[in-house]
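Written below as structure tokens is the structure these notes are about.
We just call them A, B, C and D in the order they show up, numbering each chain from 1.
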Amino acid sequence: MSDLKKEAFDSDALESDLFETQEFVLNLGPQHPSTHGVYRARLVLNGETIVSAENKIGYLHRGIEKIAEGLTYAQFAPYTTRFDYCSGALQPWAYALALETLGGIEVPERAEYLRVIVGELQRVASHLIMIASFALDFGAWTPWAYAFNAREGINNLLEEISGSRMLVNYIVYGGVNAEVPEGWVERAKAELDKILYRLDDFDKVLSGNEIFLGRTKGIVPVSAEEAIEWGFTGANLRASGVAFDLRKTSPYSVYDRFAFDMAVIKGEGDCFDRYWLRMMEMRESVKIVRQALEKLPAGECRAKVSKVWRPAAGEGYALVEAARGVQGYQVVSDGSTKPFRVHMRSPSFCHIGIIPAKAPGITIQDFISFMASLDFVLGEIDR
Amino acid sequence: MVDFLTALFNFWQGFWGVPKTSLAEALPWMDILWAFVYLIGAFVLWAVNVIILIWLERRVAGFFSERVGPNRVGPLGLLQPINDAIKILSKESVIPQAADKFIYMAAPLLIMTISVTMYGLLPYGPGIRPISLNVGILFFLAVSSTTTIAVLMAGWGSNNKYSLLGGMRTVAQIISYEIPMALSIIGIVMLSGSLDLGAITDAQKNLWNIVLQPIAFVIFVISAQAELTRSPFDMTEAEQEFVAGYHTEYMGMRFALFFMAEYANLFAMAALGVILFLGGSNGPFLPGWIWFILKTYAFIMFLLWIRWTLLRIRVNRMMMLNWKVLIPISLVNLLLTGVGIKLWQYFTEGRV
Amino acid sequence: MRDLNVIAAALPGVEMKDGILVVSADRVPAAVAAVKKLGDFMLFDITCVDRPALAAAEGVQASPGSFELAWRFMDLRENSREVLTLKAFLDRADPSAPSVMDIFKSADVLEREVWDLMGIRFTGREKLERILCRDDFEGHPLRKDFVMPKRSRFPEADKAAPEGAVDGRGVKA
Amino acid sequence: MFGLGILKGMGITLKRFWMPKITERYPEVMPDLPQRSKGSFTFNVDTCTSCELCSMACPNGVIKVEWHKDEAGKKRLDRYRMNLGHCLFCGLCVEACPTKPQTTIAFQGDFELGCWMKQDIYRNWTKEYPAAPAGVSASQPDATQAAPKGE
């Protein structure tokens, strides 16, 4: 055989000359239907398979932490709802806890119960957004509408109590903003049944669907070790099999008075687990709300705090189990009426850190499901 | 060749209006006239169907998700598609600078041509059919698979990465699902003994093919959804992945052509399903064409129901479903049909 | 949380001051690696405070360094809300600390955030880029010497104030 | 069996198809908003004492109170301005208002704040002092606000 022929039959030569493929760069986002905001992933693709990925964030950066330094403690509270806009009511809670540790304020019992009720309702609403957009990212439009219908009821309840539907500025330091309106407790109890009913319908349409299972089971598993390594918290961490839920393991507020189970899945930690954990958690949250509504004590709903509040110089660091994970607020005081420094620990910010590590080797389709299952909110990442 | 020249000669003779020898030789003249009549008829049907289907799809989608759908423009929102058309016509149609202009502009025209052609092949009722081809079903499949080329042209010509990826997926998907679809149809062809769509309709006077070929019907429904690139097989325009797939860069009237062709194809494919499996225009009391339209829209409702319940399948599973499930099953179905026909002939007519 | 004294003893180069674990900046990787070796700790936050400005405002004794950099760890064994905090005080002239990205991967984005907003340079890691601000942004916004422009919510009104009008504070313009 | 989940889902969607629809016919039927809804603001020029507590409580500098001192040295309101384009609708101004129980600035349910021109986003309430000192003041928003909103 001549050299020329040898070369032609050489597999390396064949690969390099005939079957050479070219990698190309695809900017997924910031304007893309399923990046859930203005997130951009710079993907290097080989066909539809991702070779490498890079996070590009900051399109929604508003400098909230810097804004805080120019405002008083009370004035900054509404800004925290803009931080994670899908679970607006839970953010001021974390902020209020940080201020209460800083200033040593006792919160009345009724306020604690109201905080739990509003917080858990908001958690359900936030998880409903997650499962709805998760369904939507697979092209399931109809279940999306069912989940949003369920969320509508919660929004109405929150509007009655605080006046806002989405950016619920209800929890303030020292308690809650206002007393619940008359008949609200009964309406809330009735609404819980409707939420569960709609959730069940959503569940039946989506969770058992073989196509859905095929697209989520075993897709991009995150093991417990990886989850800890990358700083996962909240639902994503529990979906990886780590039993860690601040509400259960080290209860703050009055969470120790309710009977509920910590939702945790000892499995692969794939996209389905992350979705299913939220379904479980919503049902647990409804349980908590129901008990809290039953037990709601009478009394004051806000401690006496002077309007111009000056905490002593020091540092308060508080953690709250928010809808997306552990939400931390660090508030440093210099003794004046304005915070010296406010730092927000956002769970989603850590969650997206794993994307460049997990993306190589998966297809765009799985990448979309992975992004949706991580359930990040860009308002929280970019601050 | 000689025949062709004779026909051409007769054709021109026909225009002169001088019947030469016999009626048979004057027929081309008549054919041209009828062709025009049917062409206009097919266009009208195409346009009317598109308008109704756009309204129906949005309305039905709303009803499934507990909404009411479009209900503002006209009674029950029926004029909504007209409203949309006015809006879309008044939009500027920009051609991307980096696009391959000829291919970019040709793709929407091609896709529309294909979908209109399909309307010319269907027997809408006894005696109502634009073109009576004795290989009708074959021609229908051939024409409908040409959609691939138009979609790929759109994807390539736009010079957009999303479009290209969407176009590539389509080629893989439509070409693959041609096979189970054709195999499921061959069973019908064997039963009725003809490739002519009219003959297939006539063969179902007593018994619809869906009774004899239930498995083929299921395969047909699945591959029809895939051919139409509708959910769960809407890979081409997978919004959450490729923004709008192959027509990401299209706007204005060019986008409208893609949009309308999609709905036109839905009707054509549903009509094919009705002709093949649900007895075509056969039915008691009412005229045949009414039965045909009723059945087609019922079938379309069924397809919409599937589309608005299910979600997008994973690409590799879509291929697996095709090559590992549908094709083997349709082959087995074909074998069983052949054996069944022979047994039937043996027991009823005593011949093999 | 597990006993802080026990932890402090197990970490090299760490001394305890008023219940806070303080480490010198160059010994951070060793300390963080030791925290990881203790097991079930998760690095979940890195925070930074521009300290001397605070000290000046308070009139109290200045902290040993300019920037107070804190690594915060969650205790997953005890499942506590109390956080293990390692603090280092950095010099203002060249605030830099060694990266712990090799030890805890979550440090990747957190360190980039601190670099972007506070200007703490993390050494020994690749790709220390801005993460929230745009790439050509100048300065580090959360430092106290970063000046924010003041903006009025009524620009038109400010411009179009008629001659001799009285402004909100009762002062003649 | 494979496909059972799909069939179950199709059953649910079919059931929903026939169920009453939940769509709100919004512009024709206005929603019945709860009392606390933070839609937009009402302002009572007569009860305002120009104390500026609302302006100071506002996190975003949305409120501007213009006043003058009369002969007796008392603050008299001239104009009350809000830039709703920057308003967070947090309610701190309403909380801060000392005129209790009916606060001078309060929320109302009108949430249709869209407008064509940028200056329409400002809300202006002007107090007019008639020649006779004991006259009834106009509490109507002035012309800039009354300009037609683009629907």
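Here is the rule we use: a contact is a pair of C-beta atoms (placed from the backbone, for glycine too) under 8 Å apart; a residue touches a chain by one contact, two chains touch by 3 or more.
Note that the coordinates shown come from a computational prediction; the quantities given were computed from them, not determined experimentally.
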Where subunit A and subunit B overlap in contact partners, by chain label: D
Central chain (distance from its CA mean to the mean of all protein CA atoms): A
Between C-D and A-C, the pair with more C-beta contacts: A-C
Chain located farthest away, centre of subunit B as origin (C-alpha): C
Whole-Å gap between the CA centroids of subunit A and subunit C: 23
Approximate Å spacing (C-alpha centroids) for the pair subunit C, subunit D: 39
Distance between chain centroids, defined by C-alpha means - subunit B, subunit D (Å): 54
Rounded Å distance between subunit A and subunit D, as computed from the means of their C-alpha atoms: 30
Shared-contact residues (touching 2 or more other chains) in subunit C: none
Residues of subunit B touching at least two other chains: 64-67, 308-310
In subunit D, residues with contacts to at least two other chains: 6, 9, 13, 16, 22
Touching chain combinations (by label order): A-B, A-C, A-D, B-D, C-D
Footprint of subunit C on subunit D - complex, ascending: 52, 55, 60-62, 64-69, 75, 78, 81, 83, 86, 119, 122
In the complex, subunit D residues that touch subunit A: 2-6, 8-9, 12-13, 16, 22, 33-38, 57-59, 88-92, 95-96, 107
Residue numbers on subunit C that touch subunit D, as the complex places them: 152-154, 156-157, 166-168, 170
Complex interface listing, subunit D residues touching subunit B: 6, 9-10, 13-14, 16-17, 19, 21-23
Touch list for subunit B against partner subunit A, complex: 61, 64-67, 161-162, 165, 169, 231-232, 234, 238-243, 308-317
